[in-house]
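Heads up, there are several structures right after this.
In the two complexes below, subunit A is the common chain; its partner is subunit B in one and subunit C in the other.
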Partner chain A sequence: MTKYILKRLGQGLLTVFLTVSTVFILIRLAPGDPAVSYAGPLATTEQLAKVREQFGLDRPVLEQYWIFLQQLFTGNLGTSYSFQAPAMQVVAERMPYTLTLATASILLTAVVAIPLGVWMARRPDTNRELGVNVLTIAGQSMPDFWTGIMLLTGFAVLIPLFPASGFATWGGLVLPTVTIATLQIALISRMVRREMTSNFAAPYLTVARSRGVGSPALTWRYAMGNSAIPVFTALGTRFAAMLNGVVVVEVVFAWPGVGSLIVRALETRDYPLIQATVLLTALLAVAVQLVIDLAYPLLDPRVRLGKAAAA
Partner chain B sequence: MSLSDTATPAASAAQPPRTPSPSAVTKDLVAKAGATRRRNAAKWKLRIGAVCTLIVIIPILLAQVLPLPDANHQDLSARRLAPLVDGHLFGTDQLGRDLLSRVLHGGQVSLTIGILAVVVSGAIGIILGAAAGYFGGWVDTVVSRVLEAQMSLPLLMMLLLVVALFGPSIPVITFVIAIAQWPEVARLTRSMVLVEREKPYVSAARILGLHRIQILIQHIIPNVIKQATLVVLLLLAQAVLLESALSFLGAGPQRPFATWGRIISDGQDYITTSWWMVTLPGLVIVLMVVGVNLLGDGLRDRPRRKKKGA
Partner chain C sequence: MNAQAGTKSHADSGHTGPALLEVRDFQVELITDAGIVRAVDSVNFSIHRGETVTIIGESGSGKSTTAMGVLRLLPDDLAVLSGTVLIDGVDVVAVPKAIDKVRGRTVALIPQDPMTALSPVHSIGSQLSEAIRIAGAASKEKDAVRARAIRLLEQVHIPTPEVQLKKYPHQLSGGMLQRVLIAIALASEPQLLVADEPTSALDVTVQAGILDLLLELQEQRGIGILMITHDLGVARLISDRIHVMKDGSFVESGDVQQVVEQPATEYTRNLLAAVPVLGPWDETPTVNTDPKSTASNTTAAGDAALTSTGVQND
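And then the complex of A and B:
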C-alpha cells in the first residue's frame, strides 16, 4: 500500500516536472518580449535592456532553466512582472476562488447527473427517455461562453436575481456554476446511463431480482454499486480538469480565479506567473488523481491497489 | 442475408404452438419492441440531425452566392439595427456590418478549420492507434505514454500557449485542435485493432506471406475504419466548439476573418442593448453542433444489418 502510494507520487511528480519544463521551453520559444509589455511601448532600447537584466532574461536559456530548477525546489518561482509580488503568492490567492467554483460545479453535476442517468437507464427506448437524451445532446452542444452570456443576460440583466460578475456574495457563484454544470451534466448523465444500462443487462441482476430483491435496492445497491468506480472516476477527472482553470467561464463572469489569471499572464508574457500557475494547478490535479485512485478500495472492496498497479 | 430474412418469420410462426405462454407478451416481443423503438429513434435522430446541419451548412456554402452585403462592409449610419430591419435578417453589429453575412462568412472559416482539424486528427489517430495496437511492444508503449501524458496536461492552457507561440493563423489553429483531439481516435482504434489482429483472417494473411504492414493497411484498417470515422464525426462538433472558444478568448484567426467566437465576444459588450449580436450567432453554432451530434448518435445507434442477419 505505502509502496503503491510512493510509486504513484513519484509518477505524479514526474508528470508535473515534465509539464512545467515543457511550458518553460514553450514560453521561451514564443515571440513577444515580456520586457516590452512591462516597460511600455515608448521605452528606449536602454530601458528595455535594463528590464531584461532585472528579470534575468538576458542570460542564456540553459542558465535560466538552471535557475528555474533551483527555484522549483525552493518553491519560490520569482516575482510576477505585472503584479510585482511573489508569483506563487499571486496564484495561491486566486486558487480558493477556482476551488470554490470547481467544487460547487462538480457537486451540482453529481446531484443532477447521477439521478438523471439512472432515470434514463431505467426506462430505455421510451419517448421520455428519448426527449431527455436529445436534451443532453443539446447540453453538450452549447458553447460554454455563449451559455454563460445568455444566463448572465437573463438572470443578471433582465431579471436581476444574481450579480453579473465577480465573487462578492454567494449569489455570484450561481450563474458560473450553472454554466459549467450544463455541459458536465450532459456528459456525465450519458455516461451514467451507459454504465447502468450495461449493469441492468448483467446476469447477476437477474439473479438478484429472482431472489426477490426490491427495485430500489437493485438500482442503487446492485447496479450503482458496480457503476460507482467509472462514475466516480469521471467526476474526479472532470474536477481535476476544472482546477486547471475553467478559463472560458471565468473570463465571461470576471471570476477572480486561476483561469482568468492565466489568460492575463499569457497576454503580458508574465513568465514567473505562467510557470507558477502551471506548477500549482498541475500539482493539485495530480493530487486529485491520487485521491481518486486511493478511494477505489472504498468503492469496491474487490480492488487491491498494489495488485491493480501490477496488473 | 436473404436466407436469414426468410428464416426469421418462419421461426416465429412455429413458436406459438410449441410454447403456450400464459402471457401474450413474451420476453422476445419485449426485446423486439425495444429494438424497433431504438431503430425509430435512431431514424429520427438522423433525420433531425441532417435537417439541423443542412440548415446551417447550405447557407454557409452559398455565402458568396447569396444576395448579402459584404461581411466587412461598414455602414456607420446603420449601426446595431435590430433583426429584420432594412433587410438585415439578423440585424447589424456595432459597426453597421450585416450580422447574417458575418455569421455565414465566419462559418466558412470555422467549418474549414473544424473539418481540416478532424481530418488531420483522424489520420494521426488512426495511424498511430493502429500501429500501437498491431505492433505492440515499444510502439505501443510510446503511443500509450504520450496519450496518458496529454491527458494530464491542462489542455486549453496548452492550446492558448501554442497559439501564442506560433501566431493565430488558420494552419496553427487547425493543428492545435487536431493535436487536442487525436488521443480519442487513437485510443479507440488501438482497442479495435487489438481485437482484430487475433482474428483468423490475419493469421491466414500471414501464412499467405503478406508483409505485416500490408496486412495492417489492406486487411485490418478497412475493418475498423467505419467505426473510427463515426467518432470522427462527433469530433467535428467538438472541433467547432473548441475553435469558437479559442477565438472567443482572442486566440482565433485574426481580422479580417470573422469567426463565430469573435462575433460573440464582440457582441458581448452590447448585450444589454442589442441582444441579437450574441444570441443569434450562438444559436447558429448550437443548431449546427446539435445537428452533427444527432447525426453521430443516430449513426451509432442504427442497428447494423449484418449483425441482425447473423
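And then the complex of A and C:
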C-alpha cells in the first residue's frame, strides 16, 4: 500500500512538473508582451526595455526557465507584475473562494443527481421519466455562462433574492453554485441512471429478490452499492476539474476566486501569476485525484483484496 | 405413478397433505419488440414434500421462464402471467403481493450461475446474514445471526466457515459460491427449492458434489425441489418425475424411469440420443444401498459406468 501511494505521488508530481513546464513555454510562445501591458501603450522603447530587464524577460528563454525551476523548488514563483506582491500569495488568497464554490457545487450535484438518477432508473421509459430525461439533456446543452446570465436576470435582477456578484454574504454563493451544478447534475444523474439500470438487470439482484429482499434494500444497498464506484469517481474527477475550471462562472458572477484571477493574469501577461495559478491548481487537482485513488479500494473489495480467487 | 426403485429412496413414498407447489394452466406471455410471445403455454404440475420434479428441455424451451414465472421474478412490465400457482396454498398469480410472504421464507431459489448471483461488493457474511434476518427464524441479535450463518455454511460442507464469512464473491470458486447460495437458500428453512440449472455453470466433478448436497438436504428435511435442467444425467439422478418441455409446453410427463426408458415422443428420444453414452438403468437397491454414494459416484464417473454393467432392474 505504501509503495502504491508513493508511486501515485511520484506520478502526480511528474504531472504537475510537466504541466507548469508546458505552460511556461506556451505563454512565451503566445502573442502579447508583459512589458507593454505593464508600461502602457504610450511607453517608449527605452522604457519597455527597462521593464523587460526588471522582469528578467531580456534573458534567453532557457535561462529564464532555469531561474523558474529554481523558483519552483523554493516555492517562490516571483512577484506578480500587476499586483506587485508574491504571486503565490496572491493565488493562495483566492484559493479558498474557489474551493468553497467547488465544494458547494459538488455537494449540490451529489444531493440532487443521485436521487434523480435513481428515480429515473426505477421507472424507465415512463412519460414522467422521459420528461426528466429531456430536461437533463437540456441541462447538458446549456452553456454555463448562459445559465449564469439567466439566473442573474431572474433571481438577482427581476426577483432580487440573491446578490448579483461577489461573495459578501453566503447568499452570494447560491447563484454561481446553481449555475455550475446545473450542468453537473444533468451529467451525473444520467450516469447514475445508466449504472442503476444495468445493476437492476444484474443476476445478483434477481437472486436477492428471490430471497425476499425488499425494494428499498435492492435499490440502495445492492444497486447503489454497486453503482457507487463509478459515480464516486466521476464526482471526484469533476471536483478536481472545478478547482481550475470554473473560470467562466467566476467571471460572470465576479467571484473572487482563482478562475477570475487567471483571466486577469492572462490579459495582462502576468507570467509569474499565471505560473503560480497553474502550479497551485495542478497540485490541488493531483491531490484530489490521489484521494479518489486511495478511496477506491474502500468502495470496491475487488480492488482491496485483489482479483485472485482464494477458495 | 409407476414408481420403481431408482436413485432416490423415497421415490415411491405416497403423498401426504396438500402440494407444496401446485401449478395449473400456467401461462407466461412475454412482451417483446416483435410482439407478444407465449413462452409458457398451459403448463400443469405439482410438487409434494420430499419430491423432486424436473423440467427438462433445450435452451429456449421455456423451462427457466416457468421457474422464474412461478417465483414472480420476471419483470412485471414484460411478462404477463395467468393460470394458477399455489405455493403452500396461496395463489401468487391471483395475489401478486402474496409472493413477498413466501419468497425467502417458504420457497427459495438456487440460481443458474453462481459467479454472478451474489453482489460483488458485499461480503458472503453480509448477504447470508441478511437472508437469515429476512427469514426471521433466528434471533436478530448479531451473535445469534452469525452463529446461524456459520451453522448454515457447515451444513453445505464449506470448510472454515468463520473465515469464509469475511470473504467476497470474487475470492471463492464457482462450486463454493453455489454452496454459499444453497446456504442462503436454506436460511429460511424453506419447504420448496427452485433450482434453475444449478450445476450448468460448474465443472462435472463439482456438479456431482452439489447434486449430492441437494439430495442429502432433501433426505434430511423433506424439501420439495423444482429442478430445471437441460442435462438428462442430472434429471435422471435426482428426479421423481420429469416433464419434458418444448416450445413452452410439456410434450411428455411421467415417472423418471418411464420417460428415460420408454420415451413417448420423438423430441424426448432426441434429447436422450443427445446424451453421449447412455445405457439402461443399472442402479438396483441390492447393488447400491446408499443412494447418496451412488449419486455422486454415478455423476463423477459419467455415464460410462452405467453401460459397463448394463443391468436391468426389473
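Following the convention adopted for this analysis, the second predicted complex is superposed on the first by the 303 of 311 C-alpha atoms of A that agree within 3 Å, B and C clash if a C-alpha of one lies under 4 Å from a C-alpha of the other, contacts with A are read in each partner's own complex, and residues count from 1 in each chain.
Note that a residue touches a chain if its C-beta (ideal position, glycine included) is under 8 Å from a C-beta of that chain, and two chains touch if they have at least 3 such contacts.
Bear in mind the structure is a predicted one, so any value in this text is a computation, not a measurement.
Colleague: In the superposition on subunit A, see if there is space for subunit B and subunit C together, and answer fit or clash.
Modeller: Aligned on subunit A, subunit C clashes with subunit B.
Colleague: In the superposed model, which partner reaches more residues of subunit A, subunit B or subunit C?
Modeller: B
Colleague: Under the stated touch criterion, which partner chain does A:Pro301 make contact with: subunit B (first), subunit C (second), both, or neither?
Modeller: In the superposition, A:Pro301 contacts subunit C only.
Colleague: Could you tell me if A:Val213 is touching subunit B, subunit C, both of them or neither one (first, second, both, neither)?
Modeller: So A:Val213 only meets subunit C here.
Colleague: Look at A:Ala285 in the shared chain and tell me whether it touches subunit B only, subunit C only, both, or neither; answer first, second, both or neither.
Modeller: first
Colleague: After lining up the shared chain so the two structures overlap, which partner does A:Pro143 touch, if you call subunit B first and subunit C second: first, second, both or neither?
Modeller: first
Colleague: Contact-wise, after the overlay, does A:Pro160 reach subunit B, subunit C, both or neither (first, second, both, neither)?
Modeller: neither
Colleague: Just checking: does A:Ala202 make contact with subunit B only, subunit C only, both, or neither of them? Give me first, second, both or neither.
Modeller: second
Colleague: By the touch definition at the top of the document, which applies to A:Ile262: first (subunit B), second (subunit C), both, or neither?
Modeller: Only subunit B; A:Ile262 stays clear of subunit C.
Colleague: Which subunit A residues come up in both lists, the one for subunit B and the one for subunit C?
Modeller: none
Colleague: Under the definition above, what is the set of subunit B residues touching subunit A in their complex?
Modeller: Residue positions touching the partner: 33-34, 37-38, 41, 44-45, 149, 152-157, 160-162, 164-165, 167, 237, 241, 244-245, 248-249, 261, 264-265, 268, 271-272, 275, 278-279, 282, 285-286, 289-290, 293-294, 297.
Colleague: Enumerate the contact residues on subunit A facing subunit C in the complex.
Modeller: Those in contact with subunit C are residues 202-214, 217, 221-222, 225-226, 228-229, 299-302, 305, 307-311.
Colleague: Show which residues of subunit A lie in contact with subunit B when the two form their complex.
Modeller: Its residues touching subunit B are 15, 18-19, 22-23, 26-27, 29-32, 124-126, 130, 133-134, 137-138, 140-146, 149-150, 152-153, 157, 241, 244-245, 247-248, 251-252, 262-263, 266, 277-278, 281-282, 285-286, 289.
Colleague: Could you please specify the touching residues of subunit C with respect to subunit A in the complex?
Modeller: It comes out as residues 68, 71, 73, 100, 103-105, 108-109, 111-113, 116-123, 127, 130-131, 134-135, 167-168, 170-173, 175-176, 181, 184-185, 187-188.
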